[in-house]
Amino acid sequence: MIRVTLWYEYAQESGVLRREFVRAGISDQDFANFSAAVQNTSAHIRAVYPAGLMGTIRDFLQQSPDFQVTMSDLYQPEYGLSEELLNQTDVLVWWSHIFQDAIPDAVAGRIVERVQRGMGFICLHSGHKSKPFMWLLGSSGTLKWREGDFCRVWTVSPAHPIAAGVPEYFELDEEEMYGEPFDIARPDDIVFASWFSGGELFRSGCTWTRGYGKIFYFQPGHETCPAYHNPHVQRILTNAIRWAAPTIWREQMDCPRIAQPPEQNRLRS
Amino acid sequence: MIRVTLWYEYAQESGVLRREFVRAGISDQDFANFSAAVQNTSAHIRAVYPAGLMGTIRDFLQQSPDFQVTMSDLYQPEYGLSEELLNQTDVLVWWSHIFQDAIPDAVAGRIVERVQRGMGFICLHSGHKSKPFMWLLGSSGTLKWREGDFCRVWTVSPAHPIAAGVPEYFELDEEEMYGEPFDIARPDDIVFASWFSGGELFRSGCTWTRGYGKIFYFQPGHETCPAYHNPHVQRILTNAIRWAAPTIWREQMDCPRIAQPPEQNRLRS
Amino acid sequence: MIRVTLWYEYAQESGVLRREFVRAGISDQDFANFSAAVQNTSAHIRAVYPAGLMGTIRDFLQQSPDFQVTMSDLYQPEYGLSEELLNQTDVLVWWSHIFQDAIPDAVAGRIVERVQRGMGFICLHSGHKSKPFMWLLGSSGTLKWREGDFCRVWTVSPAHPIAAGVPEYFELDEEEMYGEPFDIARPDDIVFASWFSGGELFRSGCTWTRGYGKIFYFQPGHETCPAYHNPHVQRILTNAIRWAAPTIWREQMDCPRIAQPPEQNRLRS
Amino acid sequence: MIRVTLWYEYAQESGVLRREFVRAGISDQDFANFSAAVQNTSAHIRAVYPAGLMGTIRDFLQQSPDFQVTMSDLYQPEYGLSEELLNQTDVLVWWSHIFQDAIPDAVAGRIVERVQRGMGFICLHSGHKSKPFMWLLGSSGTLKWREGDFCRVWTVSPAHPIAAGVPEYFELDEEEMYGEPFDIARPDDIVFASWFSGGELFRSGCTWTRGYGKIFYFQPGHETCPAYHNPHVQRILTNAIRWAAPTIWREQMDCPRIAQPPEQNRLRS
């Protein structure tokens, strides 16, 4: 059984903006404008995802009998990322966007350490600027963007487990364009790359290893585009969770002093 | 001209412990004991390095006419790591040990960003647990250790620029043992690996790239061992600085919206 | 069921030297001397491996119910590497030594292509100079060597599937020393590294990917040393076979012309 | 001074087909048809490249005062790849197409070894199916293709020396499409990636290291398209030659026996 935790911001999806997550000192007028924009986005999201964006992901993941899925979000206690929850998570699926900075450093650091101990981390779309992703890579995660392109996702590494059952390419009629250069640490594998009708391209499915943990970034998933309804996207995320599930956990995170050299043990015996 | 900044803690070297860098709430007795230990180490360092550990590095680096060397340390304003200094640094050489946590996150974050913009970062010995190193790698930097081994450093990548002029191996009569597993992101290149008489081995010279910047970690350099007097170590650090010197800087660190698709430009023209 | 083929030279093991595999034009006297040396080695091998070197590997592999093990060797028709056999092999375990050049290029090329199509390739010990290994890596496979060292194998990547159940280190009382620099293409992962009592070290367990196939090189296994009796070595080889077993095969090896551009298909529809 | 050798087939360019390079047993009629096709292509090449394809490359490379450029081709003695020529070559620039198989294995093997010793190897366009390229990578080099697309080349690694002075993207009005999946060993760096108007994308500028040598593959350069007149392409090839020029050569290619262990030397002294 793979314990999958789906974490997302929930703000845009719910249409409810909470002042404590917005930058300090925002004026009432700016907050009201921001709230209105979020409510507007919420309506668009619900039109595309009646079950919610992350609810849609949950629904198709729950069809995998080996997944035990838990949902969590920023509006829950401890930002929805308590030590207890992380300690019971094998693979964390992450979607963040407008509140990347609202996660305290200590909470982001928890995730980094949990990955180093073995937890899989699947970072979706705009999470490229989230603290856990940038910190695990040591990279800024910057890229170019534009809303409203047609997108063709190419399978670059057909033998990678994350590409199992995925065709040579598939198409998303509308997706946000993310373009190179994408500032990321050199990936272990580039599994997918995307072609955008506006003329850009992007390394859209990449893997890394950090400590005992595996990381997968996947580009499609703009909140008002239907990527998570696409069966190939669903297959990719399902594959990625199985690929990233840990088989071994790291217990100790210290630097032990080895008082007795192995050679001394050998030569004595 | 390569602007090289040498940064180190200075505490052990000077024998002066400053209370503000020690963990809060330390008792007077514990502080006094810690101070005594630091004074004791200082005497050992000065016996091995009359010019100081970092002063020794400065002295041999200054023999390279293309290097402009500046020294800085934790006891200077802004932890010796001001924005101004970093902005005038091409390659930062880093040695830290007992005060890894004393560097505020914001200051460590400055270094990470400066590397992503192009600054070279040479991390020495116990700096494997420094914030900038761990954050750039997304790794815990953990390892095994023991003082007092003989060490033989092997050149694993003889054609790497950092190995230019370095023999197939050289020996350090006494060096602190660092042993595998070393928790680091997959290196670009393993230039050196070390054999320790107690029976361990270690990937002792590794490179990475982050953003526009280059990173080199080098294991030898325990504060009471004479590694920095070794001509091969001196050659390696000199090579590493030239290798890590940036040829291009990144100016913008944002994610630009590309309103006008390249294809639109093309098809209009 | 993983179809495992164990291929080895058999010459030293059997003590029988066949003239057709020895370099052309060898004098009768030289051939006789070579034969005597091979017979001598054979006795040493049989003393250490009563079931033969590869027979010992077969015996412990057959304890894995998911392995279907076939043995083959140079003295069989088509060098024991017929198209038919390779086409029924999921993972090829390879041990070669004195007859690296006796394998015709066309036969070595078959193995390379079969790996590109998905077959796993486990290269043991002196196989570092075999044609399939050198050709898959594009590297010369050169190294230093000396018989008769004590060897301590360190686990460098404890979370790698090939290291599952392997301790932080294990010891081989006698093994041939292989030393750096090892001329290999940059490995995907360095799973093990070895410390030798004579003072050298070696990246002794490395992985690569080529096409759809996975490759693992493992250093221990000199013909007159008992490494293959060691339970950790047995565990490593068992793990490596499971890791290298293909999940997907490549059918076509051509460069197809795509007459109909995907964009044309899309824009028409 | 960097000794640059430009090697190409010359057949299509000259319009002269030589029977000895065509597959054995070809009928007179087939040979006549093939010859006519080649003559036809020759006219197209000359229309685009009055100085010839490789002559155009020579002309812009000769503007670099640190390059000493030699041209060679398949129709010269020893396939234009004599031991003598290779021994005086620092960087080999390679363009091959219709006669990939005409190069004998022994000659291709010479190039592989020369790269392992330090020679830079720049493989252009259809050379992806040449023996030296496939053998250095251990890969089949397969891809998809189609003539006649618009191509936009994106800089993926702006800080790489090969990208120095190259804009974020540049456009080629007509170029042969090469599409993923491209069967190559994991590159060290992906410097460029290309977007094709027909809907495909491609990792079009990749680097590898083999032994002491550096390798760069660059996709643009179909024989009847004017890529080599493009100033950005010219800049890239010029940069690539400087990047690939060796700073150190490997002299010995053997596996030396180290009779005297380093530890014995140490403990005796």
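As written, the chain order gives the labels A, B, C and D, with residue 1 at the start of each chain.
Here is the rule we use: contacts are C-beta pairs under 8 Å (C-beta built on N, C-alpha and C of every residue); 3 or more make two chains touch, one makes a residue touch a chain.
Keep in mind that this is a model prediction, so the values were computed, not measured.
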Third chains touching both chain D and chain C: A, B
Selected pair, greater C-beta contact count between A-C and B-C: B-C
Length of the line joining the C-alpha centres of chain A and chain C, rounded to whole Å: 38
Separation of mean Cα positions, chain B and chain A [Å, integer]: 31
Residues of chain D touching at least two other chains: 152, 158, 179, 186, 188, 199-200, 211, 262, 266
Complex interface listing, chain B residues touching chain A: 105, 112-113, 116, 129, 135-140, 142-146, 149, 177, 179, 183, 185-186, 188, 196-200, 208-211, 253-259, 261-264, 266
Residues of chain C defined as touching chain A within the complex: 118, 150, 152, 158-159, 161, 164, 169, 171, 188, 211-212, 246-248, 250, 262, 266
Of all residues in chain D, those that touch chain A in their complex: 152, 154-158, 168, 179-182, 186, 189-190, 193-195, 199-201, 203
